[in-house]
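Following this message is one structure expressed as structure tokens.
By letter and in written order, the chains are A, B, C and D; residue numbering begins at 1 in each of them.
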Amino acid sequence: MTTIPLQAYLILALILFCIGLFGALTKRNTIIVLICIELMLNAVNLNLVAFSQLGNNPGITGQVFSLFTITIAAAEVAVGMAILIAWYRHKNGVNVDEMDGLKD
Amino acid sequence: MIEFAWLIPALPLLTFLLLIVLREKLKKASGYVAVLISGITFIVATLVFLQLIDVGNFLMEWSWLTIGSIDISFGILLNPLNGLMLLLVAFISFLIHMYSLGYMDGDQRFSTFFAYLSLFTSAMLGLVMSPNLLQFYMFWELVGLGSFLLIGFYFYKNSAKQAAKKAFIMTRIGDVGLLIGLILLFWQTNSLRFVDIYQAVTNGDMSGGMITLIAILIFIGAIGKSGQFPLHTWLPDAMEGPTPVSALIHAATMVAAGVYLVAVMYPLYMASSLAMMIVAIVGAFTAIYAATIGLVQNDLKQVLAYSTISQLGFMMLAMGVLGYTAGIFHLFTHAFFKALLFLAAGSVIHAVHTQNIKEMGGLNQKLKLTSAVFLIGALAISGFPLFSGFFSKEEILASVWAEGQYGLFIIAIVAAFLTSVYMFRLYFLVFHGESKLTLDKVKPVPMTMKIPMMVLALFAIFSGFFNTSWFGTYIADFLEEGATYLEGIHHGSSIWLMLLATVVSLGGIALAYLIYVKNALNQENWKTSGTYQMLLNKYYMDEFYDNTFVKGSRGIGLGFQYVEKYFVRLIILFIGDLVTTFSRTGSKSQTGQAQTYTAVAFLGLVLFAAVYMLKGGY
Amino acid sequence: MNGEFIAFLILSFTAILGGILMLNLKKVVHMLLSVVLTFVSLAGIYVLLSAEFVAVVQILIYSGAVTIILAFGIMLTKHTARDERTSNRLRAALVGVGVLVFFFTVYGAIDNLFFGPGAEGLHVENTQQIGERIFAHYVIPFELVSIVLLVALMGAIVLARKEGEENK
Amino acid sequence: MGTLSLLVFSPFIGLIALLLAGKQSDNITKRIAAFSSLIPLILSILVYAQYQAGSGLSEILRWVQFEVGEQTLTLNYELAVDGFSVILILLTTIIAVLAVFTSSWQIKQNSHLFFMLMFLLEFGILGVFSADNLILFFIFFEITLIPMFFLIGKWGGTDREESAFSYIIYNGLGSMVLLIAIAAIFVTAGTTNFSEAAEYFRTSNEAGLQLGIAIAFLIAFGVKLPIFPLHSWMVKVHVHAPPALVMIHAGVLLKIGAYGLIKFGVGILPASFTTLAPLIAILGLVNLLYGAYLALVQEELRSVLAYSSISHMGIILLGVAALNEAGIQGAIFQSVSHGLISALFFLLVGILLVRTRTTNLRKLSGLARLTPVLAGFFLVAALAGLGLPGMSGFVSEFTVFLGIFENMPVIGAIGTLGIIMTVVYMLRAILKMTYGTYRNMFGDMNDLGMGELIPATILLICIVVIGVYPNTIALTVQQTLETLLVGIGG
């Protein structure tokens, strides 16, 4: 039905994933890091949806799974934001490199 | 009886163990125990010897050390040579045990002394009965141990400590030569048994160069033990031990072991004229070298010590000029008169509590017996006609002459002359002249000391007659029986040699009489001369060794200390730094930054994925 | 070159543009907005992939809810322009190289990937299909997700509130 | 569970007993420790008897199995003993008993923990000597490191922490190299069993790899032995660890190096060791002379003994380098003999320290006056150490030199210098202490009590028995020797 090859979607997802990954690993601002993680999740979703259409075993299940992922991502953002705000109240900063509690 | 020959070394060993363990309980009785057992040992040795005259040879062996296909045994060998030695050692040691009863009386470590004495005797007896070179070496070392313990008996004296250490180390240097020699010999002949070695030599299994090398290495061992130049310096120092010990070491046991070693390995030496030559030269040189030092020493025992070195030189000289029987015969007679001289010296020291002959004089009034036996000993060692030393020394001279070594012959004559000079210098200074000591200080000599001296005096006079061209060469015949390699080298003596020996001996005595009794010669010039100083300081050999080897070794040690401090320490620092740097980096990377951790984890993943892909993983 | 392809090109271009803008803009709010661009473009792509329901959810949740939460987050915290700078240049470079290598590695894997003509009829009553699938097949995961959401909700409230009480 | 496993795990009896007893009074703890230390001894005698009777002692239990490529690698729990290890096991248990006995008067605090660690250490050592595969060997090898570290660090002398750390660092690095070598063997030969690995390398012809593994072994065991210049940790341990521990350390732990070199080096890789022989001989020579000369200038008795250990380990290396019957047997003898002698020495050092609190040679003099028996034992130990015939040291020295002279007479001849130097430094140190005038610095000293006399006498008897009749050991190791030498073709 569709004329766009699977690779096109996958490459787009890969590019978005790479952008998100780069941002998540290099940005200092925690909110940006969260955004980047969302971007990566989106790339994954794109893969799921693309496979549900053009995959080896196509079907609706891929879309169902992407829905689940979106749900979980929303929950993750909510909790992440809550933690961020709590942290901000505590330390008055949102930078990732100030969060070095793992050291102790 | 001969099957029980193993008892001979075992009995004194038993004494040693008994006395060491029970020294607190036995106290005074330990002396009697030791004398009793050494008496029994002597009796057993005599019985064995008597049987040996009939049997000729006896060998018993047990497996001792198995190394793969190599089997080294332990055993007992009896033949004329070691039978004679056995008897000699057991006899002298018995007398000295007895003498020590009186001499060591009242010493705090009375039992310990007898324990050591027995150990020493045991080692020497074991040595002469060894059927193979390894066992010989083992007892050889144990003899060294015995002498070490006895020399250092007065352990609280610093000089005794040094002397003991020196004796052990110097003889060890020689021993290493022997050890190398015996190992080389083993790889040449695949056996350490004397019989196999003789066989290998006669069959010509070894190259001539190898024989010479081994013979010289073994001779180094003999040099160490017998106090030959240049490893002699321990022997005079060994006088730090109690006098009976000096008698035992010098007369029949330790120092004789060197000569005995050469005798045992004689076929090897006969196969190498170079080795023989070296033995003879070292012997002759030592004989005259030690005699010159003996001329000027002022310590009673030191003079005797140098005389021993000199006499051992004579024995080696004899060995080196094919005078096998002459050497052994001299060893035999020397054992008696040197033991006698030491015991007499011991009773002098026991009586006057000094060893400096300058402080003595006129002792022949107070110590009549001692004086008499000392005179006998001195006459014997000087080769006074009809005394034992006369015959043996004359035979040595005959051997040298017969071999055509005229240079060595002259040296030997001079050394013999010097021998009688220094012996009679000693005799006159100690027993004649004015008494410099208050005589009531002189203690009487107990019976236990007198008897051994008298017995030894008898032997010092008459032991020479066992081997004379007049009454029969018993010892020579006995020794040569069965020893095929000795055939045809017996040197007959001649009248002119006897006359020469007599003249030399009497001339020496006369010279000593003139100088030290009549004061016929002015000694002042002599005493200030450089030669005198050099002799008094023993040619500065001790100083030489001290400055070269002793300091050298310490220097190397200190040098290594620097290696340790800088080089090895550097390695520690390097390894330490490596480890700390490593851990520090590790702990630094522990920043607690989740982002960094993730980045590292991601990079690791990428690395794996990339490698996987490059290897064509899809 | 049909319309679908042109649509795909435009949508993917805007999606990537949004991502790149997100990395390079200075202000956090701008970054958020650029990411919304990506989210919306992705919704469009979902439509292209016959996933209308997912596209709608994407717009609702991502462009709506998530963005609002993040916007609130940005408002509640203080941001200076300096903050957006990457923390460590070396690390950025390393990660950049790593990401590039990762990109090519994965690209090698997805290049020439072809599974067949694809599914037919996913767009036909898409929402109904999803609903049937969820409630017939994936009930338990569905319920679990709801629990997770509940827990997350409670967790978020507790986390955000507890600190506040302590401050009082 | 076979006798061997029972033996290896028997130290746990003591450990558990101490654990259960909890923190009792010192006396009870010491009594429990002393009694439970006897159990391994009894079992080891049993093992020895069984070995002599020729009954098989080896045990195999399947442990782990995994696949790498086409290979299936199997790790078994395999225990076995040969002539060499059975003797070392006996040596270990004897010295362990004596060390436990003697530590009872040296360890004043936390004796509870001390003995538990001691038993753990014994467990490790027994495991090392009974393991029949390399991985198991390695595991036990590592087990010995940990208790040793704590024992030195907690109960040692002045520099105890530094010593403990240098111990753990050196040995840790050594273990690392060993692990690499073992992994290499595992991967190439597909087995870690000694005899199977030996069989494999006999037929394979990867000379370069074998040489690499052999060098790794040399380094790993060279740290343990130790070989110059990797020895500085060992000097520190000798000087700063508690004497009772040094009895085990010098007596047994260093022997793991010799054991490893002979059993793995010569046993598994004979061809490469033949190649390496000249190097090993030179290292041995350096050890022998370097140790001897340094021992000559030390002012601390324990340093003298430490360097003398280095010197004596040189003799083991020379024996290994000789690669013939006599050399290897000499190395085995030297391991046992040095174990006994250094145990005796440190037993005496412990006794001395209780009385004088110092072993500085400048301060000690004339000990023979007040404590003749102690002085006598010191002298006897020194004599044993310098290789006096009639004691074990002589047999080993002689056999080693016999071996080395067959192949490398020049090195042997230089090595004999070491024999002379040994006399010099031993006598210097011991005579400085025992002979000479007594300076009353330490007040009244008692001579040896029964509790001290008996351990010393036991060790002395062992030394003398081996020296007087070496076949007691020689016959036990004959078969092992033959197996080892099959590879060399000698």
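Definition applied: a contact is a pair of C-beta atoms (placed from the backbone, for glycine too) under 8 Å apart; a residue touches a chain by one contact, two chains touch by 3 or more.
Chains and their UniProt names: A = NADH-quinone oxidoreductase subunit K; B = NADH-quinone oxidoreductase subunit L; C = NADH-quinone oxidoreductase subunit J.
All values derive from a computational prediction rather than experimental measurement.
> Would you mind telling me which chain pair, B-D or B-C, is linked by more contacting C-beta pairs?
Between B-D and B-C, the larger count of C-beta pairs in contact belongs to B-D.
> How far is the middle of chain C from the middle of chain D, if each middle is the mean of its Cα atoms, in Å?
That gives a centre separation of 66 Å.
> Which integer distance in Å separates the CA centroid of chain A from that of chain D?
61
> Centroid of chain B to centroid of chain D, CA atoms only: how many Å?
Computed value for the inter-centroid distance: 36 Å.
> Rounded to the nearest whole Å, what is the centre-to-centre distance of chain B and chain C, using the mean of the C-alpha atoms as each centre?
Computed value for the inter-centroid distance: 100 Å.
> Out of chain C, which residues touch more than one other chain, so two or more?
87, 91, 95, 99, 102, 106
> Tell me, which residues of chain A touch at least two other chains?
21, 25-26, 96-97
> Under the stated touch criterion, can you name all the chain pairs that qualify?
A-B, A-C, B-C, B-D
> Would you mind writing out the residues of chain C in touch with chain A in their complex?
Touching chain A from chain C are residues 2, 4-5, 8, 12, 15-16, 19-20, 22-23, 28, 31-32, 35, 38-39, 42, 45-46, 48-51, 53-54, 57-58, 61-62, 65-66, 69-70, 72-74, 76-79, 83-88, 91-92, 95-96, 99, 102-103, 106-107, 110-120, 122, 126, 129-130, 133-134, 137-138, 141-142, 145, 148-149, 152-153, 155-160, 162-164, 167.
> Which of the residues in chain B come into contact with chain C in the complex?
Where chain B meets chain C, its residues are 595-596, 599, 602-603, 605-606, 609-610, 613, 618.
> Give every residue of chain A touching chain C within the complex, in rising order.
Contact set of chain A toward chain C: 1-12, 14-16, 18-23, 25-29, 31-32, 34-36, 38-39, 42, 45-46, 49-50, 52-56, 58-61, 63-64, 66-68, 70-79, 81-86, 88-90, 92, 94-97.
> Any idea which chain C residues touch chain B in the complex?
87, 91, 94-95, 98-99, 101-102, 105-106, 108-109
> Going by the contact rule set out above, which residues of chain B touch chain D in the complex?
Result: residues 63-70, 109, 112, 134, 137-139, 141-142, 145, 152, 155-156, 158, 160-161, 164-165, 168-169, 172-173, 176, 179-180, 183-184, 186-187, 553-554, 556-561, 563-564, 567-569, 571-572, 575-576, 579 of chain B touch chain D.
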